[in-house]
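A short worksheet on the structure shown next.
Chains: A, B, C and D, in written order; residue numbering restarts at 1 for each.
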Amino acid sequence: MLDFQAILNAIYNKGIAAKNKGTVATYIPELAEVDINNFGIHLRTAQGEEFGVGDDNKLFSIQSISKVLALSKAMALIGEDIWKRVDVEPSGDPFNHLSQLELENGIPRNPLINSGAIVISDILISNLKNPKEDFLSYIRDLAGDESIQYNLDVANSEKATGFKNYAAAYLLKSFKNLQNPVEEVLDFYFHQCAIEMTCSQLTKTFFFLSNQGKCILNKVHLRKSQAKRINAIMLTCGFYDEAGEFAFEVGLPGKSGVGGGIVALLPDQFVITCWSPGLNAKGNSKLGMLALEEFTTQTKLSIF
Amino acid sequence: MLDFQAILNAIYNKGIAAKNKGTVATYIPELAEVDINNFGIHLRTAQGEEFGVGDDNKLFSIQSISKVLALSKAMALIGEDIWKRVDVEPSGDPFNHLSQLELENGIPRNPLINSGAIVISDILISNLKNPKEDFLSYIRDLAGDESIQYNLDVANSEKATGFKNYAAAYLLKSFKNLQNPVEEVLDFYFHQCAIEMTCSQLTKTFFFLSNQGKCILNKVHLRKSQAKRINAIMLTCGFYDEAGEFAFEVGLPGKSGVGGGIVALLPDQFVITCWSPGLNAKGNSKLGMLALEEFTTQTKLSIF
Amino acid sequence: MLDFQAILNAIYNKGIAAKNKGTVATYIPELAEVDINNFGIHLRTAQGEEFGVGDDNKLFSIQSISKVLALSKAMALIGEDIWKRVDVEPSGDPFNHLSQLELENGIPRNPLINSGAIVISDILISNLKNPKEDFLSYIRDLAGDESIQYNLDVANSEKATGFKNYAAAYLLKSFKNLQNPVEEVLDFYFHQCAIEMTCSQLTKTFFFLSNQGKCILNKVHLRKSQAKRINAIMLTCGFYDEAGEFAFEVGLPGKSGVGGGIVALLPDQFVITCWSPGLNAKGNSKLGMLALEEFTTQTKLSIF
Amino acid sequence: MLDFQAILNAIYNKGIAAKNKGTVATYIPELAEVDINNFGIHLRTAQGEEFGVGDDNKLFSIQSISKVLALSKAMALIGEDIWKRVDVEPSGDPFNHLSQLELENGIPRNPLINSGAIVISDILISNLKNPKEDFLSYIRDLAGDESIQYNLDVANSEKATGFKNYAAAYLLKSFKNLQNPVEEVLDFYFHQCAIEMTCSQLTKTFFFLSNQGKCILNKVHLRKSQAKRINAIMLTCGFYDEAGEFAFEVGLPGKSGVGGGIVALLPDQFVITCWSPGLNAKGNSKLGMLALEEFTTQTKLSIF
């Protein structure tokens, strides 16, 4: 039987000793100021056992990882109608994100790139009474943890500098793929990105996707087939330009964020969250990627 | 010697009898409501003789034709520094306008496409005390006509529907090629597009570009070399995706607008303005293009 | 326990009754002449049980399915060095296949698109004594079946009409990503596409990828980690522009060909091959796609 | 009155003293070996006066300048039918030349980029008895000089290394925009590029385009309107990615070649040829571009 704690410890020790820990994102001060030496890993098995190491109880900005949660909420609310407005294909290069959106007439490639997540935010606004409050409640329910919060400083900084997201939102609007006002949609979108969690909280939150739609409190949040589909989308689209590489090297559905977090899971087996703020050239956590490669190499646990 | 009046009359009669007059722009009500049967032509020679036919004294929305005037004002204000922020190459397809801007790192291809004109608007705001008032004064000076106005309904409609321009402006901002706030820059930009003139006024206004920089009142607005350069830009970039076609079929520097106006000129010889609101598939006035082809074919007056 | 034979029979009956069976590929006569009513399915479990229905013993042109076999041979020969010349990311739109190759400096997105497979062919030529003979032997070994052949008429037709593949090969050559002469590389590539197999043979051939690298005769052809990686590539890149859709709807690694074949597999569980020559709008077998969706929906067997 | 000889002498002296003379093309040995210090200028007025300086009687490879002559021959042969197969719009970036051709369904942007010139070669082959002989005769007729030749070493070197041209030709073939075999078309195309002339010969050859279609021997080779159209195409498309810049800085129709030659002309006034093998970053002769800027600045002779 696998000794998960020993495996995580070994991975942590190897990671923390690495000379090159990548580069912390600097486009907003709240991310730029995070200490690059942070490194945490947290694992939860299908049986509910938990294992952690390092900074797995420190809060960090989950950033794009929130896109998976927004998608799952939208799927719960309107089901297959989502796919009239967003596709499910991998997107390739992030550097020409707007070009692709323009060439494809305002239909984002998938819900895990910025333009797709902006459309999902628009869907949530049209279907929730109090979008920001209701979405936060949803996350808290998934995690079984009422302490989870938006970091308002982060939300405001994103809003003040997120010009490319404004460009994407207006382009969507020009193609009539945004029903609510751009300012309102982006305010909600930037708040989602600004949710803070620990590795431990994030692992609990994502448990439902490894558990056929049922959260840690055993409440059904998605149908089994819906959870499977979100996993398929994470596998093909969860890592920007490195989605193929992640499937190739790690072989798990997962999602990364520019705050340095990565969540990955093996259906019916486990959820694992890594966090280290230094990013590699493709914008994914450097130590996080290495940790997950190491983890699946050592445990032989992957979907392939 | 050429009998310009007879030539214009013949062109007018042929045009007004055409069955297919193109399609009026419909994205804002102010343009959609214009009668497609309007057709006017006005010519002014270097010697100051004027010839007109049809609706050459009706006001219309000059739209993108204003981009040439904004460029000439910016050139007068800051000279060669413009070219640090905008290129002078033809742009090709307008359908992927944002793609090109993104691939080329926020440097617009030329000042006569929307993104380029938005940068020029930003330059003018940074260099004029009261941008809207000062720019209108500039136009009135060029035309020698104090009656020229912004149409505020048009400006407001453009603002309410111009999402793709917002997308372009935010994309420019994301590449740090916009110094003033997007809202302020676009408000000014949409006002420029909303200037109304008649064929007769527009011909007078553009006279300085055919006259080595000196306007009809003989005041110097540009150096000779600057006027030449604007003419070169009009020739290579003045007709969206039809710039090559226009050079090929007409052979004059010129600029069209979605309101159905076209101004063209032969240096040291004449300025001609056509207006008919029906557009061809490339977004240029259908009768206007035919009129100019006919005019240069009959008179043999072109730069080639 | 699942009654695979009953499930396959039901899927076959539903498929054969479908009014719209897609459109047969017409670019070469050998494909155009295939009867659209052909429909076969063949399944083999990890335990070696086999189930078949319909035309699962008729030969068809495996076309792009051969790309997976060429990749596995190249991986066996030179291992990780492949990835210096081909990437592993999904490619998106096939309509601008050459554009992407040009923008990305001659490095194909992955080995399962044409340009990538052409590079793999080049690698095989450089590493095999008699490329065509050796590759056919490899396939025969995998399938345990000496009767498998190239269809030379198909190979010749491909060669006579495959201008876009010539364009891709010369573009690769211009980027120095082809070591052997274009004619020689494409001759080999077109032969690979022209291999003929039945559903039953193809299922046996692909068994090694579901079996940690060991073929039906228990011979090791790839290391376990290599087989996993090919599965990861099939999942993210195996279905042209429909890779995300296939992962989303079916959830199995697989590969389709323009001859109407599709192979898919669940590691350690089964391999399934469908064949029906009518294609959907994205170029994948229409009945084949529906059959696999139905199969994973009914059996709940997928990687997610 | 202008003293052309003095002006040319001054420009020559300034150019030859320049420290940075650009970079000689190195993709074939025949070009790589040319001495970078070569610099010649030759001018011929409408009245037949000729002025020369420097190496204006040394042979060089005219390369892409031949595209204008192939176009004029095709226009003489089939007239407006050319435009069913090639467009007349500027092309922008050469770096994604194939991408554009693919996105625009095999219709080259204009006849002065490689793909367009390949289509023109195809047209000539279909309309000439002995394409290579007949085309050389045509050039000799234009120049009034029987000594003009193909350089067969250059033609062979181009053929052995021109992979991107093969890619373009096969892409054209895949879009059915090439009627003759690729090998035959490119053999002819590479021969055209391999014509050698002196500045003096090239000036004479191009005289007909400045002279309403009549060559130096007063023979009509094109109708006046056809000569005008070729001039329009040269202005908008003659300098790759620097067409707008050339129109802006020089203001003359012209064409450059990678051998370092540039021809430019002012209708009814003069033809001027410069040659210096060092190229600037955009692939146009560095001294040649500077010489023409200087010439039009000093003489005030431009079309604008």
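Quick note on the criterion: contacts are C-beta pairs under 8 Å (C-beta built on N, C-alpha and C of every residue); 3 or more make two chains touch, one makes a residue touch a chain.
Everything numeric here is computed off the predicted structure, so don't read it as measured data.
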item: Smallest number of contact steps required from chain A to reach chain D; value: 2
item: Between chain A and chain B, centroid-to-centroid distance (C-alpha), Å; value: 47
item: Distance between the centres, which are taken as Cα means, of chain C and chain B, whole angstrom; value: 55
item: Geometric centre distance via CA averages, chain C-chain A, whole Å; value: 32
item: Contacts with 2+ other chains: residues of chain D; value: none
item: All touching chain pairs, where touch follows the definition stated at the start; value: A-B, A-C, B-D, C-D
item: Complex interface listing, chain A residues touching chain C; value: 87-92, 100, 109-110, 225, 228-229, 231-233, 235-237, 241-245, 247-248, 251, 253, 267, 297, 302-304
item: Chain B contact footprint on chain A (complex, rising order); value: 95-99, 102-103, 163-164, 166-171, 173-174, 182
